[in-house]
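What follows is a pair of complexes built around subunit A, which joins subunit B in one and subunit C in the other.
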Partner chain A sequence: MAEFLQLFVNGLAVGCIYGLVALGFVLIYKAGEVVNFAQGELVMLGAFVAFTFVVQFGLNYWVGLALAMVTMAIFGGLLDMIVVRRIIGQPQFSTVMLTIGIGVVMRSAAAMVWGPETRSLPTPFDAATFRFGGVVLSAVYLSILATTALLGLILFGFFRFSRVGTAMQAASQNQLAAYCMGIPVKRMLSGVWALSAAVATIAGVLLAPINLIDTNLGAVGLKAFAAAVIGGFGSIPGAVLGGILIGLIDLFSGVYLPQGFKDIASYIVLLVVLVVCPQGLFGAVGRKKV
Partner chain B sequence: MGNLMEVRNIETYYGPTMAIRGASFDVPQGEIVTILGANGAGKTTILKTISGIMDPQKGSVSYQGREIQKMDPDRVVGLGISLVPEGRELFPFLSVRDNLKVGAYTRRDHAAVASDIERIFEYFPSLRERAGRPAGMLSGGEQQMVAIGRALMARPKMILLDEPSLGLSPKLVKEIFEIIVRINRENGTTIVLVEQNANVALQVAHRGYILELGRIVMADTGAALLQKDDVREFYLGIKDQGVRGVRRWKKRKTWR
Partner chain C sequence: MRFIFKTRYDQDIGLFPHRGTVFWYSLLSVALVAAPFLIAPYYLGELSFLFIWSLAGLSLMVLAGYAGLISIGHAAFLGIGAYVHVYLIHRGVPLLPSMLSAGAAAAAAGVVIGVPAIRMRGIYLAIATLAFSAIAQEVFVRWEALTGGSRGVAVPKAQFFGWSLEGEVGFYYLCLSVLVVCILAILNLLRAPTGRAWIAIRDSEIAAQSMGVNLAGYKTLAFAVSAFLAGLAGALFAHKVGYLTPDIFTPVLSIQLLMLVMVGGVGSIHGAIFGAIFLVLLPTVIALLRDYLPAGIAQQPALEPGIYGVILVLVVLLEPLGLNGLWRKIKFFFWQFPMYKSETFKRQKTYMRTERLQ
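Now for the complex of A and B:
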């Protein structure tokens, strides 16, 4: 039982990270109808940038994290303004090709800047563990859970109560009407890219103590994509729950199922979900008008 | 009073299709002006051109003496022109209250926004109890009220209304038109009302224009248009009895 609980918390934590990355997918998709296949690479780049601030520049962990988020937010915003915006209105296929291409470029650029070695990012929680009865929980995993919960609350508050958050929602629900209300829709879209890059950075930093940082960190994007699809690709809570589901499946299939199942179990679940309810488990009610 | 807006010889295209073929008209300050026309005449396109969603290839739209035909919609709304688009175009997953708040996006005086929302609820009392509901769940009439309220939230000098009566019951149409008249009277807001429903529109309008295939073919006061035979026959569906012999050779509209 203790072991099960421990595994559960670990799976939950990894799932939260998938969920955060999936949330980035969903934010961008809802705002601009673009599926950003470079979302995983934003996670990777965010982790490297945080590594540079914290390890290479020797800054305080929290300062480094904040700086990395700001840097990546600017990067995400510029990516939209300079590259992605130009293909809005083109067939969906070209946006897919474009974002996949952006991902490849980011991976190569990261290899040039930071080299092929695997890096680690020391966190303030590294060694600490907590004991609850027979269950040993490492502070790293707990910090992931706490961060996700906090971030979820902040994002909820932002979209629900702030003027800009409401305007972002409006722009994603009816772009033309938003434009007619005087909302600078293009700037909102860039803002969503910035937000989603900042969230990806947090995901990357959370992932660092579990996965270490190298140029393949972006592979997490694939798991997150599955999570977003399971969540209905349009619902933010759905994305996080989808991520948690995938995280738990990953972990338990690795422990309780024969060798090799770990890598495919989550995709099997994805296929089953798609067959059973094609809208995803939390599919948005009502179709959006384009 | 002078003209708030003057539209001169605008030509607007959808790709190669010319939808507006040199239309000109005036909108006097403080009046309700209606543009009538059958489906496909180009009414929506005219409003899109004024509000900046589309740019005309030729001609000008001057508003308060300033040419606005090349401006983007977010600038135009800042100048005091609000559009109530065809088919409402609400933000379906935002609450009614948030839809109204988004309407006030261009305003700086955030404190006054709450009292303006109250004023909208006064105009449309049935919206008050729906304030927290997603706008997409409302009935057609209530959605039209939200769309009008949302436009009012920008405190516009001029409102462009695109077929507000479309798909509504006669009772709701009456209710909404009463509010339109009230807005015009109480605040002096200028109103451009585009309609297929000529009867209701002409009853409230000070002035009317008739649009056919992208051209203005007739202009007069609302009352005079209501009396014209052609308008009565082709837009109001009233056939005058007793002039049958005359009507036979008058079948073609006189402005052709």
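Now for the complex of A and C:
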């Protein structure tokens, strides 16, 4: 039982990270219908930038994290303004190829700048552990859960109550109508990219103590994809729930299923979900009207 | 300038639009048949590679370029074809039946992934294929009886009716003939109702369905045909590399194939060939380029993927029809000689084509 609870908490934490990455996908997808295959690479880049600030420049952990988020937000916004914006309205194949290309470039740039070595990012939570009955909870995992909950609340408040958040929602629901109401739609899209890159940075920093930082960190993007699809690709709570589901499946299949299932169990679940309800668990079902 | 004056309906579906193309294609085929007598074995090997890449590109072109279904897991079909082929060859099955069964096995896998794909659209399908290829790769590692696991399996030399295709020449002709037969078959499919239905589905699913196109059937067929070609390409590829390991068939290969299609030119058979030429030549060009770059950058192993990515981004942004689009522009320039206007090919401004349900 203790082992089960232990796995459950760890799976929850890993799932929260997947959920955060998936949330980044969903934000961008909702805003501009661009499926960002480079989201995993944004996570990787965010982790590397935070590593640079915290370890190489020796800044305080929190200051470094904030600086990394700001840097990545600017990067994400610029990426949209300079590259991605020009592709909106083109067939989906083009957007998929564009973001795959951007991802490849980002990964190779990271390999050139930071080299192929694996890095670790020291956090304030490294050593501490708590015991509840037989369950050992490390502070790292607890910090992940807390951060995700906090971030969820902040994002909810932002989209619900702030003027910019409402404008972003409007722009993603109907661009033309939003434009007519005087919302600067283009700036909003760039803003969503910036927000998404900042969220990806947080996910990268949270992932760093579990997974170490190297150029393959972007692989988390694939799991997050599965999470976003299971969640319906248009729903933010769905993305987080999908992420948690994938995280739990990942950890439990690694322990309770035969060897080899750890890497593919989440994909099998993804395929089953897609076959049973093709729009994901939380997506809208129906056909586009002409 | 050339005007093609059509007097018969047959001309609309003819393989060659006019006599000039007949002449150039005959010249090309004579050159390809004569190539083994003219060039060194090394380059002949590279040409065989080019043909295999073209075949794989053709397979993805049918799916992505004509039926409009994005597959990010095409490496899985290549892998299935390659492993089934090697398994059968080891059991003493002759070359041609073995290659056909490899194609059929891949096609069966294509149907398996294609049937649920009927209900999915756009991005869901792309991700389903990605998941499928991840699962397939794990199966390649674990199913040791068939695949030799991660140790890999050696591929015997091809035997064609008891006649060993030991050297480069025999294998070259094998690849060439398979590619030509496949291209002709696909061309025929594309000018028949099947191909028209695929293109209709690509351009507007709803319009196609309204005109009575059976979406489920044609999408599954597209997957089956594409996977069959990929299986053939995989079988040839197995002979070419000589030793199969599961880490050949990674997502990187799938992305290379997508890149082949995109850079070559979406929605054209020429595109598949141009894209393959591009993929075969690029490593050589990059190797040459390393000599001229500052040492700090030139020695980086990440340089090559970086250049691939930059080219992909530039193609999507600047020349969405790829090398084939460029070729058509150049041809158009000479046709229209003093009258060429770049506005002819101007990209139309479009409103966002939403796939969402409002």
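Rule of thumb we're sticking to: the second predicted complex is superposed on the first by the 283 of 290 C-alpha atoms of A that agree within 3 Å, B and C clash if a C-alpha of one lies under 4 Å from a C-alpha of the other, contacts with A are read in each partner's own complex, and residues count from 1 in each chain.
Heads up, the rule we're going with is that a contact is a pair of C-beta atoms (placed from the backbone, for glycine too) under 8 Å apart; a residue touches a chain by one contact, two chains touch by 3 or more.
Values in this document were obtained by computation on a predicted structure and should not be read as measured data.
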{"item": "Contacts of A:P184 with subunit B and subunit C, given as first, second, both or neither", "value": "first"}
{"item": "Touched partner set for A:I264, first subunit B, second subunit C, both or neither", "value": "second"}
{"item": "Touching partner for A:R107 - first (subunit B), second (subunit C), both, neither", "value": "second"}
{"item": "Which of subunit B and subunit C A:G134 touches, first, second, both or neither", "value": "neither"}
{"item": "Partner chain(s) touched by A:G157 [first = subunit B, second = subunit C, both, neither]", "value": "neither"}
{"item": "Residue contacts with subunit A in the superposition, subunit B compared against subunit C", "value": "C"}
{"item": "Which of subunit B and subunit C A:T166 touches, first, second, both or neither", "value": "first"}
{"item": "Subunit B versus subunit C as contact partner of A:N174, first or second or both or neither", "value": "both"}
{"item": "Touching partner for A:P122 - first (subunit B), second (subunit C), both, neither", "value": "neither"}
{"item": "Contacts on subunit A seen with subunit B and repeated with subunit C across the two complexes", "value": "173-174, 176, 286, 288-289"}
{"item": "Complex contacts: residues of subunit C adjacent to subunit A", "value": "64, 68, 70, 72, 116, 119-124, 126-128, 130-132, 134-135, 138, 141-142, 206, 255, 258-259, 262, 266, 297, 300-306, 308-313, 316-317, 320, 349-358"}
{"item": "Subunit A to subunit B touching residues, read off their complex", "value": "163, 166-167, 169-170, 173-174, 176-185, 286, 288-289"}
{"item": "Subunit C-facing residues of subunit A, complex", "value": "32-33, 35, 83, 86-94, 96-98, 100-109, 111-112, 116, 173-176, 215, 222, 225-226, 229, 233-234, 260, 263-264, 267-268, 270-271, 274-275, 278-280, 284, 286-290"}
{"item": "Complex contact set, residues of subunit B against subunit A", "value": "51, 53, 72-74, 77-78, 82-83, 85, 89-94, 98-99, 101-103, 105-106, 110, 136, 150, 154"}
